[in-house]
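First up is the structure itself, then whatever we jot down about it.
Chain IDs A, B, C and D follow the sequence of writing; residue 1 opens each chain.
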């Protein structure tokens, strides 16, 4: 893509191309926003940064030809989960973030552990040559709506109908459970209220 | 037929529990009647079997039971995975201990007639405890033995923690944890025995024929001996017993001191000393040093206590010390004395705790300084207590004297210096025993009667029956010791043969 | 078919039967039935014993030993402990004395215990005592003796504390039992030691020993290794310790005067006539054994002689009539004991002391029992033990008065009363044994005895009545109580004359494996000297307490006396010393230290181990702290460790 | 862009999630960090599906399942958080330790 440069003979760690640039850009955004998510003090800001990180992920999915996943990411994560989180924060938010400030050794330990983990895992990955092939193995529309639907609802050998149903039941249960847990009904308090009346 | 009856000994209590499961706890009277009937039945059954074993003495034994004179020998494969068998058999020693147990269980059921709390569970626990104790005494297979041995500590804990008085939770925990500590030592050595013997068997009979390697015996014997000694409250593992006894309800104190504490001594004799006699000969002359505490200081400690149950607990500690003195004598007379002391002390401490429980039910205190003169109000209970006291201080005519004289004469035949010293001290400390027993009896029973005890009543028929039967047992052994001595000699002989085997 | 064996069984079984029947059945039902049971059982036993004795002494069997029956009790491996009935002159004499006195005391108790709440129990325990005492005297071996030794101890305990609502009686009973038990623990140790060395309990074997065969072997006694011969000597001292306590020799004497808290019949049978002589009897029974054991007899002599003087001195100052008699008993026991001890003359043995001692057991039993019964009779009438409150009883109780005179003359050694003969022989034996200090003390004590006995006699019976009841004429003689006193006065009067030849003929200890002193010193002047001293003492007593000039009130007032008198009056403060030793040293010292060890040292160790396990648990619990970041951190660390330490399949 | 890059990105995101999870004391903050970690896992699913898998559709479907499960988990977690907040008026994990004994 940049014919003027004569680097191709080197085994490029960073092969350049439109896709690549887009990937790196998205990756950078994701990492930066993720770091912000974790590092900012205010929990609401953190949630907002999380949205950006999720948006980056959605874009990455698009780059990986998984339109349906990207869509779901936007809808479920950004539209559902993060809004949920924001609501929760707002419901519980009159606690100052100051009261949650952690001590320095803990911050350091957290950072050191995370870095050590990442470094070790990446070190494990790097020697594996087969991961470095840029060739795409999947068909163009591997995660298209139609394919997904057929597989999800198929009841032949490769079908996922049963997990699908299980997940749907799980979702139903979650619905009920979260309502039950979150509703404002504690027997003792209720009785007190009754008495007050 | 006898074999079936023999196996029924531990099954009947278990069946009783099962029978009582569907009966509602509201039918207290029915439940108690069932339990009392079952206990009485077992009592008669065991007495009959004692007679059978006695009648069979001299008759040839089953060759599988060879070195021991085991009657009613039963051997059924049980857990094939590690070769555990269901092996039971009766010789003079364990059938007499079974008889002791049946008497104490019977008395325990009767004295806890009016126990507070859930009676259904309490009586079921007593029966379970009885099952486990019967099992321990009957079993000739180490796995079976250990299973029953463990079962008993659990029942004990539940009964103390749920039905006790005073610091019951503390006492129960202390008792159970200390016993569990002992059990862990036993378990370790049991595995050692199994693997070192190399005969793939847990049977005491089979293992006794194997001479275990000396280096194994040298560490395993003290471990196992102390493990068993924990439940017989040998110093320094005696600390559970005063707190445990004082917290326990009457029946549990009776069972704990009367029967359960003997299991340790029985284990020492039947398992540790019988299977590892070479190490026993080396170690036991040193173990007696611990007895200075039990036998000599124990009575002194009892002297300083005011709580009846503590006094009795320390008296048990000192009497159990004498059992170990008999064991450490390593002579036939000493071993017989130890066995006699197990039986005698079972009856006497049962009587002690029974009368204390009955007196406590009436006076609601166990502090001897608060009592006085109650002999006038309850002569029967008072006489029961005094009889137990006389038996405890080794008065001739009671079983305690027979056992003690056997132990002293037997222990004096052991020529190690340390044993001699301890024997001499033990003989001289019979005075201290007399001091605290008389002091207790005098403070409690004699002297002027306080105003508050004017309305006390003497024992009812049920309580009198318990006292009479237990006292009769004490007197019976004390007055006719010949047959029991000769009877016990049958089962002491193979153990002593094993001890005196030389580098076979 | 009545033969010796049946009779001997009868002698043992009847008191036992009376005990069982009275104790189990009659004691709550009927006092009269219990009394009848006790009297008849003991009466038949007494008659049987007398028939047995007559038969034994007339059949020509006399000085030999015989075992009428013997049952195996406990087999101890090589040697057996049997229960049997041994008869020889000594045990026959004791059988007669015990059964006869028991019979008398049973009759007496009917009167004495009349109206008591627990008469049935009293008769049961009396019978238990006679049974145990009979078992003791008929013992064939040491073990049997120890068994019955303990049983008489416990019957003594139960009878002293018979009135258990009286704190003084209870503590006296406890003291008596514990002190004798203390001595008995040494006795038991001695039995164990001796039986280990000799491999037998039998008196026959023990009395037939020679030390030389045990010199070669050694025995480890814990702290020291000695030869078996020395161990036997030690064993003989230990065995004697049993008798030391039981016969209340100094310094274990204090329980006997305190035991007077019990009912008087008990004091008369147990604490004067029979049980307390068990110690003397033990030494007499094992005399050949003691004789070979070197200086043990010397120890016995010293202990006996000291107690004799010591108790007699105390008795001169006491005012409690029973305590005077108790100290007099102690003093007489001292006579008997040292009489056995004086048999040791250097390396040789002379047996006259043995005969004298057994003779004195015999005579003493009657007159001392009689004296106690009289004391009980007086106490029953005036309701106090105190001589302060007596006096002038001669007119009111004539029978008692004359019987008392007989008994007191007997104990004072005035001929022809029984005490004269036995005491004279004892003094003679001391002289013949060349123990002149003891001889002198014995003469002196015989004077003291006369003095304090007549002091008692004059104060109680002569002079003006000092008690309201006596003045008012409420005092009378109870038939049931007077009858045994009168009966006992007969042997108190005659047993000396009658017994002298019998004892001289038959009472010799068995064969002794020690050289015997053949040439005995003759001293025909001794009886005269003794009688003279006694008469002087009598005169002194009369002068102080009965002469028209005597100031009795002053004599009885101990408050303005000198220090020595007070010390003696307070029994040399031995009670207090004992109290201090037991309270402060044993209970306050040793027991407190033991409890301290238990509660603090053992307790601390236990608590420490519990604490340690708790801390160990806490260490593990940190990981379970519900602290989420910690969990995650550990997870990560775990992954890293797995990577570096384990074989990650990557 | 190859599989390696995607995986490294996923690991970095995961590491950031770990970092957040350990350093946050706020329950919601911790949940957010968990979201990040789940997201990283999801990226792995999709990228493997895209680059290597034989049955790539299945990989994508798995990511859908992960969405569903995540959503459930978040819903319940947040409900619990709201409830806890009502009870204890605190969302500080250091303080909410009564569950442990």
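We adopt the following convention: contacts are C-beta pairs under 8 Å (C-beta built on N, C-alpha and C of every residue); 3 or more make two chains touch, one makes a residue touch a chain.
This one's a predicted model, so the numbers in the text were calculated from it and none came from an experiment.
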item: Chain nearest the global centroid, as defined over all protein CA atoms shown; value: B
item: Geometric centre distance via CA averages, chain C-chain A, whole Å; value: 101
item: Centre-of-Cα separation between chain D and chain C, whole angstrom; value: 94
item: Mean-CA-position distance for chain D and chain A (Å); value: 7
item: Between chain A and chain B, centroid-to-centroid distance (C-alpha), Å; value: 69
item: Touching two or more other chains - residues of chain B; value: none
item: Numbers and ranges of chain A residues touching at least 2 other chains; value: 106, 109-110, 113-114, 117, 128
item: Per-residue overlap in chain D, given as positions that touch at least 2 other chains; value: 18, 22-23
item: Touching pairs - complete list by chain label; value: A-C, A-D, B-C, C-D
item: Residues on chain C engaged by chain D in the complex (per definition of touch); value: 621, 624-629, 632-633, 636
item: Chain C-touching residues of chain D, taken from the complex the two chains share; value: 18, 21-23, 30, 93-94, 96-101
item: Contact set on chain A toward chain D in their complex; value: 15, 17, 19-20, 23, 27, 30-31, 34-35, 37-38, 43, 46-47, 50, 53-54, 57, 60-61, 63-66, 68-69, 72-73, 76-77, 80-82, 84-85, 87-89, 91-92, 95, 97, 99-102, 106-107, 109-111, 113-115, 117-118, 121-122, 125-126, 128, 131-139, 142-143, 147-148, 151-152, 158, 160, 163, 167, 170-171, 173-175, 177-179, 181-182, 184, 186
item: Chain C residues within the chain B interface of the complex; value: 72-77, 81, 143, 146-148, 150-151, 154, 157, 161, 164-165, 167, 170-171, 173-174, 177-178, 181-182, 184-186, 188-189, 192-193, 195-196, 220-223, 586-587, 590-595, 597-598, 602-603, 605-606
item: Contacting residues of chain C [partner chain A, same complex]; value: 629, 633, 636-637, 639-640, 643, 648, 650
